[in-house]
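Just passing along the structure, written as structure tokens.
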Amino acid sequence: MGRMFGYGDIQLFAGSASLDLAKEISDYLDIPLSEHDLVEFSNENLFVRLHGSVRGQDVYVIQSLSSPLHRNIMELLIMIDCLKRDSAGRITAVIPYMAYARSDKKDQPRVPITARLLADMIEVAGADRYMTIDLHAGQIQGFFSIPGDVLTAFHMLSDYIVKKKIEHAAVATVDLGFAKKGRNFAAKLGVPLAFVEKRRSRDDSRARATTVIGDVADRNVILVDDEVLTSGSILEAAKIVREHGARDIHLSFTHALLVPPSSQRLAEAGLREIVTTNSISIPAEKRLPNMTVLSVAPLLAEVIIRAHEGRSVGALFNE
Amino acid sequence: MGRMFGYGDIQLFAGSASLDLAKEISDYLDIPLSEHDLVEFSNENLFVRLHGSVRGQDVYVIQSLSSPLHRNIMELLIMIDCLKRDSAGRITAVIPYMAYARSDKKDQPRVPITARLLADMIEVAGADRYMTIDLHAGQIQGFFSIPGDVLTAFHMLSDYIVKKKIEHAAVATVDLGFAKKGRNFAAKLGVPLAFVEKRRSRDDSRARATTVIGDVADRNVILVDDEVLTSGSILEAAKIVREHGARDIHLSFTHALLVPPSSQRLAEAGLREIVTTNSISIPAEKRLPNMTVLSVAPLLAEVIIRAHEGRSVGALFNE
Amino acid sequence: MGRMFGYGDIQLFAGSASLDLAKEISDYLDIPLSEHDLVEFSNENLFVRLHGSVRGQDVYVIQSLSSPLHRNIMELLIMIDCLKRDSAGRITAVIPYMAYARSDKKDQPRVPITARLLADMIEVAGADRYMTIDLHAGQIQGFFSIPGDVLTAFHMLSDYIVKKKIEHAAVATVDLGFAKKGRNFAAKLGVPLAFVEKRRSRDDSRARATTVIGDVADRNVILVDDEVLTSGSILEAAKIVREHGARDIHLSFTHALLVPPSSQRLAEAGLREIVTTNSISIPAEKRLPNMTVLSVAPLLAEVIIRAHEGRSVGALFNE
Amino acid sequence: MGRMFGYGDIQLFAGSASLDLAKEISDYLDIPLSEHDLVEFSNENLFVRLHGSVRGQDVYVIQSLSSPLHRNIMELLIMIDCLKRDSAGRITAVIPYMAYARSDKKDQPRVPITARLLADMIEVAGADRYMTIDLHAGQIQGFFSIPGDVLTAFHMLSDYIVKKKIEHAAVATVDLGFAKKGRNFAAKLGVPLAFVEKRRSRDDSRARATTVIGDVADRNVILVDDEVLTSGSILEAAKIVREHGARDIHLSFTHALLVPPSSQRLAEAGLREIVTTNSISIPAEKRLPNMTVLSVAPLLAEVIIRAHEGRSVGALFNE
Amino acid sequence: MGRMFGYGDIQLFAGSASLDLAKEISDYLDIPLSEHDLVEFSNENLFVRLHGSVRGQDVYVIQSLSSPLHRNIMELLIMIDCLKRDSAGRITAVIPYMAYARSDKKDQPRVPITARLLADMIEVAGADRYMTIDLHAGQIQGFFSIPGDVLTAFHMLSDYIVKKKIEHAAVATVDLGFAKKGRNFAAKLGVPLAFVEKRRSRDDSRARATTVIGDVADRNVILVDDEVLTSGSILEAAKIVREHGARDIHLSFTHALLVPPSSQRLAEAGLREIVTTNSISIPAEKRLPNMTVLSVAPLLAEVIIRAHEGRSVGALFNE
Amino acid sequence: MGRMFGYGDIQLFAGSASLDLAKEISDYLDIPLSEHDLVEFSNENLFVRLHGSVRGQDVYVIQSLSSPLHRNIMELLIMIDCLKRDSAGRITAVIPYMAYARSDKKDQPRVPITARLLADMIEVAGADRYMTIDLHAGQIQGFFSIPGDVLTAFHMLSDYIVKKKIEHAAVATVDLGFAKKGRNFAAKLGVPLAFVEKRRSRDDSRARATTVIGDVADRNVILVDDEVLTSGSILEAAKIVREHGARDIHLSFTHALLVPPSSQRLAEAGLREIVTTNSISIPAEKRLPNMTVLSVAPLLAEVIIRAHEGRSVGALFNE
């Protein structure tokens, strides 16, 4: 056990987007969830009231920024303001899935950088630290001036695949922005790497050509990505690698947004297995028969207890 | 015409909650609305792209914080971030109706002050100024460190009532927090003032007693408030003043939230006339036959042009 | 006893405006006041020197913002700067009476919001938290971004009145801005509520009409307010409720500014009893025979010890 | 004449500590003082109301931080807040005499640095720039993060002395902290330099020995300093240089605080001439027959007009 | 010509790392460089003194963050502080090459994010805007809260290649983090894309395997990257694509750091042509016979004049 | 032993400019230095990686800002950023010698205040406190808004001189800005004070006259200053006091920058003894036979342990 620190006890609060995950973390740590009221008035205003005091405590608010997105963002911010004004000792925003991560740069003129705006909002509300998993771009850490623990489900997912002992495998990325992480995945498995490249036509900007770079013929392909939204790209990628001679196709990703018609498309895609995590709560109706959902609760719980006790997080979880 | 200032031309942007109002302001000022794309992706992420440059311009974003509330808040913040990063000369958030204004103090322990949080969010996004109408509590101005113009629909509404030449009138407030403003209303009309008081029972906190303080017998009563949400209090107030002998009952308020079953209740309440404003967009189906909606567009437009030209706002609009 | 926290021991410092109150708090907590020099040079510059170190300690500076007002504000700020630069662990500004609370909004154009300015000054000096009693407007809490405990003397004062068992009583507010708190007072006593309304003439802005709204005939009236300055309004209110048939008149308020000719007016007003607190130090010559001064020292002391030990404040003191 | 800039017209506001000086500046620039009300309520609260709008204007508030010190500080801050909230284009705090300049470092443990606190207060109130004369320590400029013009009366004072053509002169500093500036003064006049040294006894900390370092025998000595408070040091210095054989003694300094019994002491000191400035308003009763008061109004006025027009200040005024 | 804005004239300052480039920009705009002294004292302290005033002007400081790196960073910051304290109207840091861009995330525990630190340093020094070219990661824009123009040399470089009309070409990226930009390059040319993949051995972390993914046989390969440091990766990439059957090899990149033994390696690599820019000053001895250096001066100059006049930058320069 | 506080254990990190001093402090406190990698890449970018976690710890980074100056500044800032992002409990920058201290005011127009810039950079990087020795100007403390301990080597140096029992001594300052501290030195020794005055000619600004003010004839003179750079002034001062009849000349100063040709000049100056400290690391080749180097390690170590345990620093070390 770690030594005592300058903050009081751990208090865990479950945001409404992460009730199940928070419960799992609570069970893992054997620390009950702290109670609070969350009221939504008829004017949609959210209101929060803590049942007990958090003065000087080491507080963790667990809230994934999933759908309904903006309500969940505001709920998180209001919780943080409420905890700050009740003189919490330290407030950590535990955000298994960070929203707006693709609005992280101006790749065309006259657009916002909403991921930085969101980081500023979390800081101005009063968070002292944050914790998240597999940011779309690691640089988003730099949008925060407060310290944070950016964890990865990479090991959970790749260990799971390794255990499957897939013969004659190859890793393929669906998005070129994921190329480096795809390489790490392939290196962990010790298999070749390929890329699905989408390119707009020079003549017709709506027409897109999809090709495979690298060799997938006769290989069992593991498609890897960080998040899956509507599964459109996945379906397209599965089709093109199959056209290039791939055999079984597996799919691995961290954040299961799974917006309709994602489930239908994933079912159509003829995948051998889908492995993902519960960083976003996946309702029963979205859980396909060939889908395995690994829990990030032990990962988050271990980091929470280490952060509380001032022990190293890196020692256990980093690549 | 005013003299030239350090900012470029006025640019008006219409937020999706205030399209009609922004169009009215645009027409009044004879300045076309600046164009921009607003995209909502399947993951609910909002994305904004300005069609033209705002470098150095004097920009006004018009967005009421009405339903869908949190999406509208985020849209406003993203617009501001986008304008800031395109080097706008000055950004004014024109917010005819400010949300979360009732979460403006800790009247019990362990609750947030969301109105201050919202002010901080608007500032951290990059607004240089704000403009709003009839804040629930004037102190919310102090939640902002940036300058703002807090306008009032008081004159529009009371002038309208004055012109009705209602005989033997009295003003009654529905909420004791509106007592002072009710007094001003009554003073403007030169009529007596009364209060509808709601009080929780000492024995049963859910039971509430409603009484009238002051004399309304045989008087035509004008109920006044700042906003109407579900109309529950209005219905109750109309009933109790009628029980105390009131004759015709009029209703005057600024912000028409009119959440169901508000329309039904207002219809049942047997009011002679309802007068309100379009600070919040009122769809046709909520416009009752006895409802008059005054436009705040000229008010906002005049303040925008004065703010742009550096002329006094107070000279025209304050009490 | 509470558990140990991240700060060192409590240290109490008495500002020169609250020497007696600080001594009472010190006695209640059995913690001696920490010593410091306060020098006023011939150029009016204040200078502070702590006798002992406050490194890492949990420090409370007790200073009411009463007369001489601006000197006392500066003394508080200099104390905070001095404690910050000596590396205090946590600095709480205990301000039983907060000044400038009526300059809390722009109710006319081209005026300041000095209450927000004061909050910013306290924060920029280095306070980590603040503590105060019965703010004129609860929203002033939102002027601070640091956490605070806004306590109330409501229970002390109303409990005292309850024990008096005044027959056939009514509560009347002197100021319509106090209407809601007056309602709470009346509800606690289970008696009717009335209002003294002051209204400027429409024809002559200097002429004011004073009336009573609600029924006070044959009732023993308890006038309630948050602070009493020159007692002009009190005298006026006592006169008008008496004209409306009131019998005995009591007066209850938290902050006894009692600027001349307040004592004379209170003596003339023919009040049965005046009950107030020592949030502001009341010198002997201002203590009238019919005045009861309740001490806020136990209230503040209990909150200090709870804040230090991380125990709930709300559990004991809130309505 | 300079070219037009991004701000509107100059507006000059006179703080109550600098009414005469502000009037002189106004006359020099041929720009009338802007009008405002300054009210002091019976609770000592100051209240400010501008008569006209300052939207977008280039505003200068002229206020020396002289006695009554803390009231004058607060008046300045409230003026700035008021101007900021009325959307002034740029606010310059013109502070001919800056207070608390000797509380500029921790030369012993557990003391404040009030000069930095004051700079932070001026910034947090909303000043965009500041302007002052002969800071006690030039480093105080670095306490501000906003730009400032720190002017000097050095040229005015030394030019005046030069014109006197004092034969066989020497310059002597009263305070060793003024040694470098004394050297500049002596260099300008082309005369030798001497120092009055005060030293605490090693045996008795209250006993102080005063000596002269350098040669003043048979010389007409010009004592120089930045400010004169009670004149105790001056009297002492005059005495010791006379004991060391000095002939006529002149005195030159910028800021005339002249706290009693300063006038009496200066009269007793047998000085040939005293030359100072009106950076602090000097009432008639403090003006001794042998005192010459040079006006800083032209200096401030020239800098204001240059700052407004974006012309170089250094070109005219620096050493 | 553009319309006038709230700032004065453009003033251009050349940092010592970008003297030639600044001169080119000055010539292009026909605006002379503003003069200033830059002194390096024997204690290495840098000192800056502007020759003329910048009050209210629109100032651009041009300084690439190239070798000597830390001295150049500090020179830039000191210039900004100096301009701020001289009341510049607007300060734009023009940084053709941004340093520390690879320290942009924590990809292992217990490391800094120096790129964010650098952004904060530029902001705290007082820059109002920044301008740079081809950031290593676009997300670094989000490290700034001030607006910026992140330009690209992509069009200059790809247009140059297009004009070469290279037959049977392919684009290959040297770094998987450049995969997306490589795709854009290939799409612009309408040719296939390949990747050089480096992978650490699972058994020996120092051993690395390099492979080519995609087809380069018999193709003229254009290697693309954002910056070239020691050319080690380039040499390796040239070798491996040649082993995979590539014919001529071209190299295109924006930032020519060219640290020894870069020139030697580039000479050895047998490249057909090297095309780069002068974002970093390239001394004559590093300019190889087969190297073409395109100037970014017209690009920066056009953006400066558009930023000054408030015209759109995006209209001309974005993809 | 002190009582436990809200931070974890002390961790000491040695910056590359203070390796020896940090080792001495580590030995004194019997706390091993914490390990970290410091890499300098071929592009001069510095990179830091901590070997162990600092979560919640009380961390001290020891780094003098000596040559190579700007690299050492950046190394310090990167260390602080790294510690902050690893969630250190408290970060103290221990800077025995602070750079840029002479750029502490605008004594001419259009120059920077780099010492304030440096303070802001240290704060924005994330330092919670700082510690330094003998600032050139004490006011630099006020450039920081974080608390700091500014220690002095005055006692070490003057005690050393006192023990030498130098007969018929006098103290002389080399710089008039050091006049007050020179007085304190002389007072401690109970000997007279003199000044070496340098003055620019009125006719030729490059010509300078050097004189002695005060009596040094037949006295053993102790020259005192805060730092010695090239020893030019020292050589000049030694020459002039010798011309005025001084016998032995000693030299005492805190910070030994000793830039060439300092050693040669000090050797030529014919000084009896040179006493200084190791606030800056002095390599063997700069250590002259008549030079005594006192260690500041015990001083810093004692303050570190007191700061950690919350004990008074002033009690031991201040004048």
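All chains are identified by letter, namely A, B, C, D, E and F, in their written order; residue positions are counted from 1 within each chain.
Going forward, contacts are C-beta pairs under 8 Å (C-beta built on N, C-alpha and C of every residue); 3 or more make two chains touch, one makes a residue touch a chain.
What you see is a predicted model, and the numbers here were worked out from it, not measured in a lab.
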By label order, what chains touch chain C and chain E together?
A, B, D, F
Max Cα-centre separation from chain B goes to chain F
Among the listed pairs B-C, C-D or C-F, choose the one whose interface is a repeat of E-F, with over half of the contact pairs the same by residue number.
C-D
What's the rotation angle, in degrees and to the nearest 5, for a C-alpha fit of chain B onto chain C?
180
Would you kindly state whether over half or under half of the residue numbers at the chain A/chain E interface are used by both copies, giving same or different?
same
Mean-CA-position distance for chain E and chain D (Å)
49
When the C-alpha atoms of chain A and chain D are each averaged to a single point, how far apart are the two points in Å?
61
Using the touch rule from the top of the page, what residues of chain D touch 2 or more other chains?
5-6, 52-53, 85-86, 106, 108-110, 113, 116, 120, 312-314
For each chain, which other chains does it touch, given as pairs?
A-B, A-C, A-E, A-F, B-C, B-D, B-E, C-D, C-F, D-E, D-F, E-F
Okay, in this complex, where on chain F does chain A touch?
5-8, 52-53, 55-57, 84-87, 89
In the complex, go through chain B and note every residue touching chain D.
3, 5-6, 129, 147-148, 306-307, 310-315
In the complex of these two chains, what residues of chain D are touching chain C?
42-54, 67-71, 73-74, 77-79, 81-82, 85-86, 99-100, 102-103, 106, 108-114, 116-117, 120-121, 124-125, 229-230, 257, 259
Note: in the complex, chain F contacts chain D through residues 104-110, 113, 115-116, 120, 137-143, 145, 150, 176-177, 179-180, 182-183, 186-188, 190, 192-195, 197, 199-200, 202, 213-214, 312-314, 318-319
